[in-house]
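In what comes next, subunit A is part of two complexes: it sits with subunit B in the first one and with subunit C in the second one.
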Partner chain A sequence: MTNNKKPTVVWFQAITCNGNTHSLLSANSSRLELFLNSFDLIYHPSLTIDKSLNEILESKDEIDFLLVEGAISKNSDFFTISDETTNVLLNKLTSKAKYLVAVGSCASYGGVHAKFEQNDNVVGLEESLDKKSTKNLKHEIINLTGCPVHPEWIIQTLFTLNNFGKMAIDEEGRPKELYSTLAHHGCTRNEYFEWKIEGAWGEKEGCLFYDQGCRGPMTHSSCNKILWNDVNSKTRAGMPCIGCTETDFPRDNMLETKKNIGIPFEVPTGISKRAYLSITGVAKTFTIDRLNKKLMD
Partner chain B sequence: MENSLKLFSQKGFYNTTIPDIAKSMKMSVGNMYNYFSSKEELAKYAIKYSTNILASQLREINHMEISSKEKIFLFAKMYFENVKNSPEVIEYFLRVYLSNREVFKQGCEGFLCVGEFVTEVMLLLDEGAQNKEFRDQEFFPAFSMIMGSLGGFAFLSGEAVLDKDIMEYSDAIADNIYRALKYDE
Partner chain C sequence: MKTVEIVERIEGEAKLNCSWDNNVISDARIDFLNFRGFEFILEGKAPLDALVYTPRICGICGQAHLKATVDALENIYENINEKLEVTPKAKLLREIGLNIEIIDSHIKWFYMFILPDIIKLKQNDLGIYQPLKGSRWLGASKTASETIKSLAILGGQWPHTSYMIPGGVVTDPTLLDLSSMMNYIDTAVMFFEKSVAGVSFDKYLDFDSRDDLNILSGDMKYFTNLAFENSFQKIGTSHNRFIALGESSLFKTGKIRQRAINKLDLSKVREFTEQTFTIEDRANPKKHTWSKAVCYDNNFYETGPLARAMIGNKPFIKELHKSFKDSVFTRVMARMDELAHLLDNTKSLIKQVDISEESYIKPKINLKDIDSAKATSVVEACRGSLYHDIEIEKGKIKKYDVITPTVWNLGPSHKEQKGIAQKAIIGSKSLDIAKIVLRSFDVCSVCTTH
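So, the complex of A and B:
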């Protein structure tokens, strides 16, 4: 006997730019179709749905997957939905949910909104929840960091949780299968990185680490392996990685490499500065004709 | 290795032969070739050897918990002690490595054979700039401010034109270097 009832998904939007919703809707069409055929998306404020948020809150039905986009605040002077703060609504929804997934960096730890100086009470899900609201959760909060998060990561997380009931997460609450490698892995510019050849914004050639602020070698993300729209990534298109999956995002001056006397302030994850400077000093010595030319004339 | 550094520095790269070096090392010429396939290979090994001595000394200074200013003073002292006590180490760099670039063109390109030492200078400068003891500037002007002063002074010492013992100039040279690098308020 099979249970044909599809797991329910509620997508709650708090303080957000809507970027993660756009991301989901930009998913590969067959994957989005598979998601909609496999799950019952009963509420999303940007999509046509049958139920209102109040109906969801008043219903006795459990929510299988609560997905939250945006940061949370207790301060009603700055942001409310139907006269309730996002903090109150989040706690009410969470008490009905089995799985709680923070979709994007704002939901994970406040993101760009946490930098808003006029309201010092903008945080991510973890800091917003009362203990009693979380007692029905079957899993720790999953943080899908990213600005925005890759649509495939959302879909993959939901399928994994639905099929296996759990997934391994790192110390930031991010699924290991999606965040254990660096954005550097799969970057098509790795050869330029190895030989220390700098590139320029928007060009196919050159590494964007030395001057353009690329954070690929220190950012946990699979966006160069699971490509956007199946074809591209920021670094492949010529934009430096801005480290949007890390908790220090957004940083100041994200498109420049902070240096002291020409020496990068931060070096790639897992290598000492002494060793890094030693190998880069040597690598810079070599002039490899092929890498100093245009890939296509 | 010190013997070969001395011979190369005193007689010049081209006037020094493998038999000369073998003789100074009390070794047969045939045995020398077991270690180095040519005079050029020996010369390349010698530059790594001599700069690695300086690199390990500067590394020790870099690991000390003192200000970058004090590190500059210690580094100048250490460098001049080498000039005084092991002149072949510095002389080899100044008189062989810098004067016979064609010998080092393949296999010692750029920083390949002096990388460990350059790395330590980078770390010294990087830390000073991070602590706001040194002002931010491009690497090579800062690097040449240090090494140009020290190397130039070692050259004067080698030419025996200094009035006093080289160690007596150490603090004055270090002070010049520090003033040139120091952070502008």
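So, the complex of A and C:
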């Protein structure tokens, strides 16, 4: 650690459930402590006590990293913070910032809150920013999608931007290193997927793609590479991936697989349906005792 | 004189409107001005999708919402005479998951939300309790993140997992998993012994008199000293009525007005909206908050750890209540006392899990094939009683009503009666004290208005 001034971080909460805040607080504690030592988190509405949001807004100081949790709206009837809309506050804060990071799916594209149709103006950062506000940004907006986003992805992104000033991002604004592979990668149920052995709720065995609605093979995320809370992932535990890092989340009927004559309606990303069906047909001709048995009796 | 203060450092934001008389708050109103519309979002959705949506009402008590949803959906089956069989194992794993979340919340609440404000009344240097920097703050944060790992073993992650489903749970832990869970809980037990109470865990669990305050030596002692210096044992008193809707192996259902009654009639739980904005009427000057008011049999009741300790006959807290009533002091102590009992209870529940049982038994009927049914569920969440009410029509959610603990405690007045926190704030001598009174209820604005 050098004596250089630590980069400042402001965490702004807009329309949110605070899930990303609690995700960050649930990070590996050594990593969280290193992050808090290496950056100066000068404002978080629930955690810090030295400065108010108004003081941040009134200050002439630049913000190195502006992190935003929650969706944004221009509608003051449903949501304001300190009597301002989240849209106005976001634009004011962004005009001071060097890097802007959307923390979670709501900040990235509206997420769950955009489903509240009676408020017809719930969107993510990109859609709510004026051109004028973004002129000081040194980088495109980084979208860390996920409901919530994995805490380690936040920490890695901030350290990478701070050390190298840039990150490769995909067409959704997500860091490629975190979102180029699928949730399927690293899933402990992959062998069952390969041999088309269907899973069931409450079992260690079987793949959840066929019936339980698992989106692992279609969802860009590293949930199974960088484990949650250091110990697990949803698909490892037995819960299907619900695709919360993709822009179509939340979808309808998330806990079942949409099928057509018994065949999953959507097949893994990048594979033609015909190829998928051929492979499935071949795989199903094998009967592998080891995989059809209970792992433990 | 009137003042308006925006209260930050709760979960979300609230606005506190105070009237002053002789430098004392003579009237108070709490406004929650933000609304996310979860009940509207749920309309028309597949019933099982509620398992994904409702945990996202709140990032810190999502498992309580998940359990309320799964219970409500199972009650749907019961109400159409198709009661589901759920194994003791699945029931235990659900209760354990919910307990762990409450443990996480109580630790964070004390160290992140309550202590810094109280210490600041006396000094600017918060020392080891300094947010983000102090060793004790970091220790508490570490303990919470270690403890929550035991929930991630069941749910794959936390926050936001939907591992409970009608018929059971999706997960099938091994003995090694259960053992790891116990280890993570023990991290919290050690923190409780060394830092929170400063006495051995077993000794703490035997506390049953006011004199036991003298045995405390950790942060509960530090808090007790600060509380007495600031007369927190005399401020923040409200109606002195308590309710707990849900029950578990640790919590009992019931209410206390003059005397304790253990059987509740849920049809007496009613919400009122005289002061509450609606979608159609959100500019009405007579209305001032998105929070509804909720009463049992037309009366306000406090919900949360103090209510649970009173109804569940927890000796130490009952003794403190005898001396200090429903004050800020008793309320804070009740939450930390509950932390100890939750840790103890959770370890014993983990030991009871029989891994040879099924985790899940498939319902014979799909919820999508149900033409018309209604059901209600109640669970105890970190902040108190949570109520879900669901109506299904033609296989889809027609109506979903959620009453959160914070609506009980922080909702507006009804007719002539002041709301629970509202009444507690009246009499405060400064805004800082008023905010501490408010925080003693564990405010969550995202839950209050959902």
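Just a few scattered comments:
Rule of thumb we're sticking to: the second predicted complex is superposed on the first by the 292 of 297 C-alpha atoms of A that agree within 3 Å, B and C clash if a C-alpha of one lies under 4 Å from a C-alpha of the other, contacts with A are read in each partner's own complex, and residues count from 1 in each chain.
Keep this in mind: a residue touches a chain if its C-beta (ideal position, glycine included) is under 8 Å from a C-beta of that chain, and two chains touch if they have at least 3 such contacts.
Model, not experiment: these values are computed from the prediction.
Between subunit B and subunit C, C touches the greater number of residues of subunit A. Applying the stated contact rule after C-alpha superposition, one finds that A:K115 touches subunit C and leaves subunit B untouched.
By the document's definition of touching, neither partner reaches A:I271: not subunit B, not subunit C. Of the two partner chains placed by superposition, only subunit B is touched by A:I261; subunit C is not. Contact with subunit B, but none with subunit C, is seen for A:T285 once the two complexes are overlaid on the shared chain. In the superposition on chain A, A:I15 contacts subunit C only, with no contact to subunit B. On the subunit A side of its complex with subunit B, the touching residues are 259-263, 265, 273-274, 277-278, 281-282, 284-286. Those residues of subunit C that touch subunit A in the complex are listed here as 6, 8-13, 33-38, 40-41, 45-46, 48-49, 51-53, 56-60, 62, 90, 104, 108, 112-113, 116-117, 120, 126, 131-133, 138, 141-142, 144-146, 148-149, 151-163, 165, 167-172, 174, 180, 279, 282-283, 358-360, 362, 446. On the side of subunit B, the complex with subunit A involves touching residues 109-112, 115-116, 118-120, 122-123, 125-126, 128-130, 134, 136-140, 142.
The residues of subunit A lying in touch with subunit C in their complex are 13, 15-23, 25-29, 32-33, 36, 41, 45-49, 52-53, 77-82, 112-113, 115-119, 147-148, 200-204, 212, 223, 228-239, 242, 244, 250, 252-256, 296.
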